[in-house]
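Provided herewith is a single structure, encoded as structure tokens, for subsequent inquiry.
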Amino acid sequence: MKFGVLIKDGPYTHQAMDSAYNFILAALESGHEIQGVFFYNEGVCNTCGTMEPPRDERNIKNLLLGLNEKGIRLIVCVAAGKRRGLVSQTVSCAGEISGLGQLLELCIESDRMITF
Amino acid sequence: MKFGVLIKDGPYTHQAMDSAYNFILAALESGHEIQGVFFYNEGVCNTCGTMEPPRDERNIKNLLLGLNEKGIRLIVCVAAGKRRGLVSQTVSCAGEISGLGQLLELCIESDRMITF
Amino acid sequence: MGEQEKTSVMFVCRTAPYGTIFEQEAIEAMVMFGAYEQDISVAFVDDGVLALKKGQDPSLLGKKNFSMTYMILKDDFEISHIYVEKESLVERGMSESDLITEVEILDRNALRQKMNEMKAFLPF
Amino acid sequence: MGEQEKTSVMFVCRTAPYGTIFEQEAIEAMVMFGAYEQDISVAFVDDGVLALKKGQDPSLLGKKNFSMTYMILKDDFEISHIYVEKESLVERGMSESDLITEVEILDRNALRQKMNEMKAFLPF
Amino acid sequence: MMHIVKRSPYESSALSNALNYIVQGDIMLLTEDGIYAAKKGGKYESLLKNLIQKNAVYCLLADIKARGIQDGEIIENVKIIDYKGFVEKAIEHNPMTWA
Amino acid sequence: MMHIVKRSPYESSALSNALNYIVQGDIMLLTEDGIYAAKKGGKYESLLKNLIQKNAVYCLLADIKARGIQDGEIIENVKIIDYKGFVEKAIEHNPMTWA
């Protein structure tokens, strides 16, 4: 089964990214595929490359790098990103900036879309 | 009358920054002072220096630069900022990174604190 | 897409305009999706119906009036259906004549039936 | 601060823990404020009372358990008062014995009276 | 106190939470999506009418205009003010934002 | 459909909005702050008990543990699942998030 994931909330402020991360790990462990993760609305802020959370806390930048290393595409909406300052020089190397068409392609190519 | 302002929501996603901006302009026009604006929680994201909103939309970075040119202090919480990637190299030149003690000092030095 | 089956996607618009950006960014997505020749529906439920109110003027907020785009969604951007939930309108003291564009007004049961045909939901 | 009058500030904690960061970042502010020898109160109302529940274990979420800090707020960080609104507890099926630390439980009227003494509110 | 409500009453408990803390002499300011509470014919009309018997209620002009609400659609005796009025009210009454 | 509710029912209308759209055969997943709806003794206990008569309701283990809710504090017949269970349910039922 191929999942597409949409993330709408920013890092740390809301639990959305954390819930999505745990969902993605569980899906992979159960042998499913993640077709892609699309970051929209404030969700684009999860892909910021300059995060420095306290050492005793989870590091969302590193969690996303880990997902990317597993081959998962992390797609940052260019328009939502530019509004909020997520541009090529600030997006983490795990993130790939692209257009809204990619969100529709994710809907087409995935068996299931899930929003966090 | 001296106002202190606390902003907790991020740019564009919520109206908080826009409401605060209009409140601040009205306070200045009525002859009041703005003791300072403190950015906390996701509010720190308003001070991002790399925002590029569409041309036909308000530019929150420029609005903040305008406030700063009027002599208003825009204080970005260092801890909340680091979590979300707002650090010295990404914060707009209008913003000043400082500690949470500044929020309490704003409460002490202002006649009124107002949260957006 | 030729012979291939179209993918049915429903935007579920549930938030008021201007207080948050969700309806504006939803419409930006709808406009982009138009080019892909899929089966795109938009359903306005709960506070989402408020986004369709006529006469919006956010100039005092320094914001852009994005509501005009609803009027051209179907013709210019090939959105298949614009549904509005009747109960949400009534609860907010609104009727069809308050709306900026022509829509299909459905009650909850009918709208829930439409949802059965969807492959994916995009809530905003 | 010597002879100067202290400034009375009340944190109004209204959100549940973990779903959002507000209570965690509120407590980070409380801890910093302790050093300034002002008159700092914390009021838990609405979903804020849920932040005080005993037995929190967010390890499965990969999150830090920040609730332990509530236990040392008064002694280590000189918070003057920790108020909890009784009606909010009752509505959530909670009682004093569910709470991680000793607090002053007040009804709404009594808590509203305390608010009259405050110079500033910090809602979280 | 000035109780500020900026979330929609249909979506959020902010309005009803604020009402728990409003006492004689306090005022309420409806702003951002909070203004929908003051719309005639809506679900909160009778609640607002009761409130106005005891407390002054204000509504921000820029927010009602943005959302296409006409002055005549606002419940009687809810006062419509601009940002300067908001500033004045924040001087007269200590503000608390219920979000 | 799987109706996902992740906001607290005390703070948000998400739960009641989702209930408007749940029909026979649908399931509900309570996650993040949505889990408070399933707590015994809380304001939503009877509403949840009615729902369970007709629809399966699931609650995410990691979320209830985080918030200090013990298994015994969850309303009977609400099923507690982990993230793998969440994934399985998202395969069986098309998910819609009501926030």
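For clarity, chains are labelled A, B, C, D, E and F in written order, and residue numbers in each chain start from 1.
The working rule: a contact is a pair of C-beta atoms (placed from the backbone, for glycine too) under 8 Å apart; a residue touches a chain by one contact, two chains touch by 3 or more.
What you are looking at is a predicted structure, and each value in this text was computed from that prediction instead of being measured.
Participant: Among the remaining chains, which ones contact both chain B and chain E?
Facilitator: Chains that touch both chain B and chain E, as defined above, are C, D.
Participant: Name the chain pair with more contacting C-beta pairs, choosing from C-F and C-E.
Facilitator: More C-beta contacts join the chains of C-E.
Participant: Could you find the chain whose CA centre sits the greatest distance from that of chain C?
Facilitator: Looking at centroid distances, D is the chain farthest away.
Participant: If every chain is reduced to the average of its C-alpha atoms, which one ends up farthest from chain B?
Facilitator: The most distant chain relative to chain B turns out to be F.
Participant: Quick one: chain B and chain F, Cα centre-to-centre, how many Å?
Facilitator: 38
Participant: Express in whole angstrom the distance between the two chain centres, defined as the mean CA positions of chain C and chain D.
Facilitator: So the centre of chain C lies 41 Å away from the centre of chain D.
Participant: Please tell me the distance, in whole Å, between the geometric centres of chain D and chain F computed from their C-alpha atoms.
Facilitator: 28
Participant: What residues in chain B touch two or more of the other chains?
Facilitator: Answer for chain B, listing residues that touch two or more other chains: 12-13, 15, 22, 41, 57, 79, 112-113, 115.
Participant: So which bits of chain C are touching at least two other chains?
Facilitator: If we look for residues of chain C contacting two or more partner chains, we find 18-21, 46, 60-61, 63, 119-121, 123.
Participant: Do you know which chain E residues sit against two or more other chains?
Facilitator: Each of 6, 10-11, 13, 32-33, 62, 94-95, 97 in chain E touches at least two other chains.
Participant: Which chains touch which?
Facilitator: All touching pairs, sorted by chain label, are A-B, A-C, A-D, A-F, B-C, B-D, B-E, C-E, C-F, D-E, D-F, E-F.
Participant: In their shared complex, at which residues does chain C touch chain E?
Facilitator: Those in contact with chain E are residues 15-20, 46-47, 50, 53-61, 63, 67, 91-94.
Participant: Which residues of chain F touch chain E once you look at their complex with the stated criterion?
Facilitator: 10-13
Participant: Which part of chain B faces chain A closely enough to touch in the complex?
Facilitator: So the residues of chain B touching chain A come out as 10-13, 41-42, 45, 48-54, 57, 61, 79, 82-87, 89-90.
Participant: Going by the contact rule at the top, pick out the chain B residues touching chain E in the complex.
Facilitator: 1, 3, 15-16, 19, 22-23, 25-27, 29-30, 32, 111-116
Participant: In their complex, what parts of chain E are in touch with chain D?
Facilitator: Touching chain D: residues 1, 13, 17, 20-21, 23, 94-99 of chain E.
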